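Two complexes follow with chain A in common, the first pairing it with chain B and the second with chain C.
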Partner chain A sequence: MDPVEFLSKLEKTTIMAVEFDGGVVMGADSRTTTGAYIANRVTDKLTPIHERIFCCRSGSAADTQAIADAVTYQLGFHSIELDEAPLVQTAASLFRDMCYRYREELMAGIIVAGWDPRRGGQVYTVPVGGMMTRQPVSVGGSGSSYIYGYVDSNYRPAMSKEECLKFTAEALTLAMERDGSSGGVVRLAVISEQGVERQVILGNQLPKFSTV
Partner chain B sequence: MSEELFPEPEWLSEEVKTGTTIIAVTFDGGVVLGSDSRVSAGEAVVNRVMNKLSPLHDKIYCALSGSAADAQTIAEIVNYQLDVHRPRTQYHRTFNKDVILLTSPDDNVVVKQKKKQHLHEIGHILNAFEFDKAWDRTVLRKIKEKVPHDLSIEVEDDPLVCSAATLVKNISYKYKEELSAHLIVAGWDKKKGGQVYATLSGLLTSQPFAIGGSGSFYINGFVDAEYRKNMTKRECQEFVVNALTLAMGRDGSSGGVAYVVTIDKDGAEEKCVLGNELPKFFDQ
Partner chain C sequence: SRASRKRECRIMATVSVCQYHRGGFSFENCKRNALLEADINKLGFSSPAARKTGTTICGVVYKDGVVLGADTRATEGMVVADKNCSKIHYISPNVYCCGAGTAADTEMTTQIISSNLELHSLSTGRLPRVATANRMLKQMLFRYQGYIGAALVLGGVDCTGPHLYSIYPHGSTDKLPYVTMGSGSLAAMAVFEDRYRPNMEEEEAKRLVRDAIAAGIFNDLGSGSNIDLCVITKGKVDYLRPHDVANKKGVRTGNYRYKHGTTGVLAKTVTPLNLEVVEENVQTMDTS
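Entry: the complex of A and B
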């Protein structure tokens, strides 16, 4: 199966998360399609799992919503038992356990990102199949294949929060321009010690590139 | 018995594909073409140094992708068809700008000029038909009507890139169902300068730049963001090498070395960038 065919089996989407010193920036497009019809053009694909841990969902919407609900429950319980904020790695491990155990039945590609006091901002990716790995920057969804080159060339370690926001918005815009299944607005979330800030970049405010 | 011990490798029966990355970009004054060098049959790499930039004419090249056999065949056919644009009689080069009209044997009038006459006398000219490139095409048409049918007319002019691309497109479209190859045609001609044509599945479109092959999906975002109009030749070459490197880094079917061809009014220059000379990007 060639890469575009494989990735196109995922929920038509583009999701991305980047670490910076002090937190993470997460972004997603806002289109949900059923066939050629756009069922929802302002979807929110950034789902809270805990106070400072979010996940970006791609793949079957039903599967990812069910997994996210289950993990939210398990993490909430774990956090109360511990009496402190859970680690991002814990959340990612819970996602991974479920995605791996039920890998035959599920079609879910998830990026887990957040901030915890022990390790700061972290991004973990749990792609289809159920592996888990920590990456400074991670992209996912059907639109992600178009921006691997852009992300590889433009990412630098130790970017500031504003630079990360700009980088994410530009990468998502490029993917949305090329992937018919991604589009709408760009939803961004910044998670840091102070909490969560959410932004929306509307269509006419998206960065412009030289049109070919 | 020996077949069980040494089973025939799977790749021998796999179709040979150039899972590839190809790119062509115009700059002010010419074009730059680039390609990787990997040819795969299934999971095996059967050629790691193949040059996928194939010349169609002196200043027109095409980049191959898709099935290796199909792409090479199309390129060879079009190369042959464009050969009609080559001067066959080398020693005519001394009188580039004059018209030689060979009259019928009954006529006593011959255009006389010393050098040509000498050649004529010693029998070096059998058939000659040349005209100034700046002449209006209508003159050629008028002359053609008077010329006997068994005389072959050869055009000394370099072909237009558009013509080469159209020839490629015609083959791709006619045999659309049987072939699976995508060629990008790029070159330089006097009329429009550097041009790039994409001929995927039999369409023909002129673009400032074009990318193709399996590896091109990964660099769509990169080229959209980084391409600027009116780059210099140097910037364009760097842009092509960067794009190829990024694609080879992510696509399993692209790799090896990068071949780069730069075409401008002075001709075509081929270059090969080895693996260790390729630029480095962030890699965890």
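Entry: the complex of A and C
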């Protein structure tokens, strides 16, 4: 009879981000669970941090929402001080500082991606523990284990925006198929100099693979 | 001398460095409480259970605003402590909040945020927004790391339109068109997933929320009694308590009252008790 909410809400998730020439493509599933119950089947795990910087959240929903809110504030303040668009590396550093300092108390795996005028499209991964590293393609969350092989074999440097979108959507679909903690819809975001384009791929429109 | 200096060094080494408490809430007593709980259980006793609202609460966004719903049962372990408690709390004239979880936590949390929001509203000179209440609640609950057992459904209408949020004890929130919380949330969500449509009319939305809470009341042991509704639109709030008395108290078929004289009195003896005044103590009341 105990209410379900006392279990902490987790976004065990599958998240992914890919760099291309001119920007980044980010993707995530949409499932948030408390125990075996899906608390939110249409979660938006792609959170805006600044105009052209987003982050993908995985781990504890409460922790990642709180960290993202704090970093959004810090980055906004920093950007006003500079009177300039902030760097993606700055945002990633802010995430890393918070995730490392409070590593014992937090459970958060974050991928920071965006576009800035200095270095173009960049993807930085900040996994649990508080490491930060830049990668051309990064996957995260509980569903990522199932798609490392697919990502390693299908990624090619210098893909176009459309190829990256297809690559991300297919990888996420495969992960959602196999991981119980990932599911729902696929949310995609493309960040470039022109701005942010967001897409949702509903369940019946997901790419189809062989049904074994 | 060298010997005394050596003694000094040893004394220095045993002095422990005082660790300054760097802000934030101190969770040290939680470990102690857990140990005490284990000790009590070993002796065979159980610590007193906090009164929880087992509960079904839900909310839905419709064409002109939001409808919030709640049952009215409060439980203390396996006993119903309150058959008609009010779970829809006032936050501001245009924002109300349903609370599930530990009754004291939901009551106090909503009152604290309501008070702070009123001060904020006086400072800004504007009607408060639902997003502001959401942020205040999530930041407070995150600060207490889930130890405040308050699971809330926050809804209201402000200058940007109708909004509905669900807030979990650890401090995460979801902004959705329909939400359910509490032990009866699965039963209520089943009703919502079947019959929710965007942009419903008021009567349809009220019927949907009523049916969702009823599903919780009749299929969950932690929820029961009546259904309260709160309809919030731009400029008007209908607090319908109760909206539906789903569980009327039954009428007894037999009558156990007996007429005067049913039991015959055979004999009567009166024994006066002789009491002595031993000590008299007068305390004057200060009525100045």
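Simple rule for what comes next: the second predicted complex is superposed on the first by the 202 of 212 C-alpha atoms of A that agree within 3 Å, B and C clash if a C-alpha of one lies under 4 Å from a C-alpha of the other, contacts with A are read in each partner's own complex, and residues count from 1 in each chain.
The rule is short, and it goes like this: a contact is a pair of C-beta atoms (placed from the backbone, for glycine too) under 8 Å apart; a residue touches a chain by one contact, two chains touch by 3 or more.
Computed from a predicted model, the values in this text were never measured in an experiment.
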{"item": "Which of chain B and chain C A:T32 touches, first, second, both or neither", "value": "second"}
{"item": "Partner chain in contact with A:D152 - chain B first, chain C second, else both or neither", "value": "first"}
{"item": "Common interface positions of chain A, toward chain B and toward chain C", "value": "2-4"}
{"item": "Parts of chain A lying in touch with chain C, wherever the complex brings them together", "value": "1-6, 8-9, 32, 34, 37, 39-40, 42-43, 60-62, 65-66, 69, 105"}
{"item": "Complex contacts: residues of chain A adjacent to chain B", "value": "2-4, 135-136, 145-157, 170-171, 174-175, 177-178, 209-210, 212"}
{"item": "For the chain B and chain A complex, residues of the former touching the latter", "value": "207-209, 214, 217-229, 242-243, 246-247, 249-251, 281-284"}
{"item": "In the complex with chain A, residue positions of chain C that touch it", "value": "52, 54-55, 75, 100-101, 135, 138-139, 141-142, 145-146, 149, 151, 166, 168-174, 176, 181-183, 185-186, 220-222"}
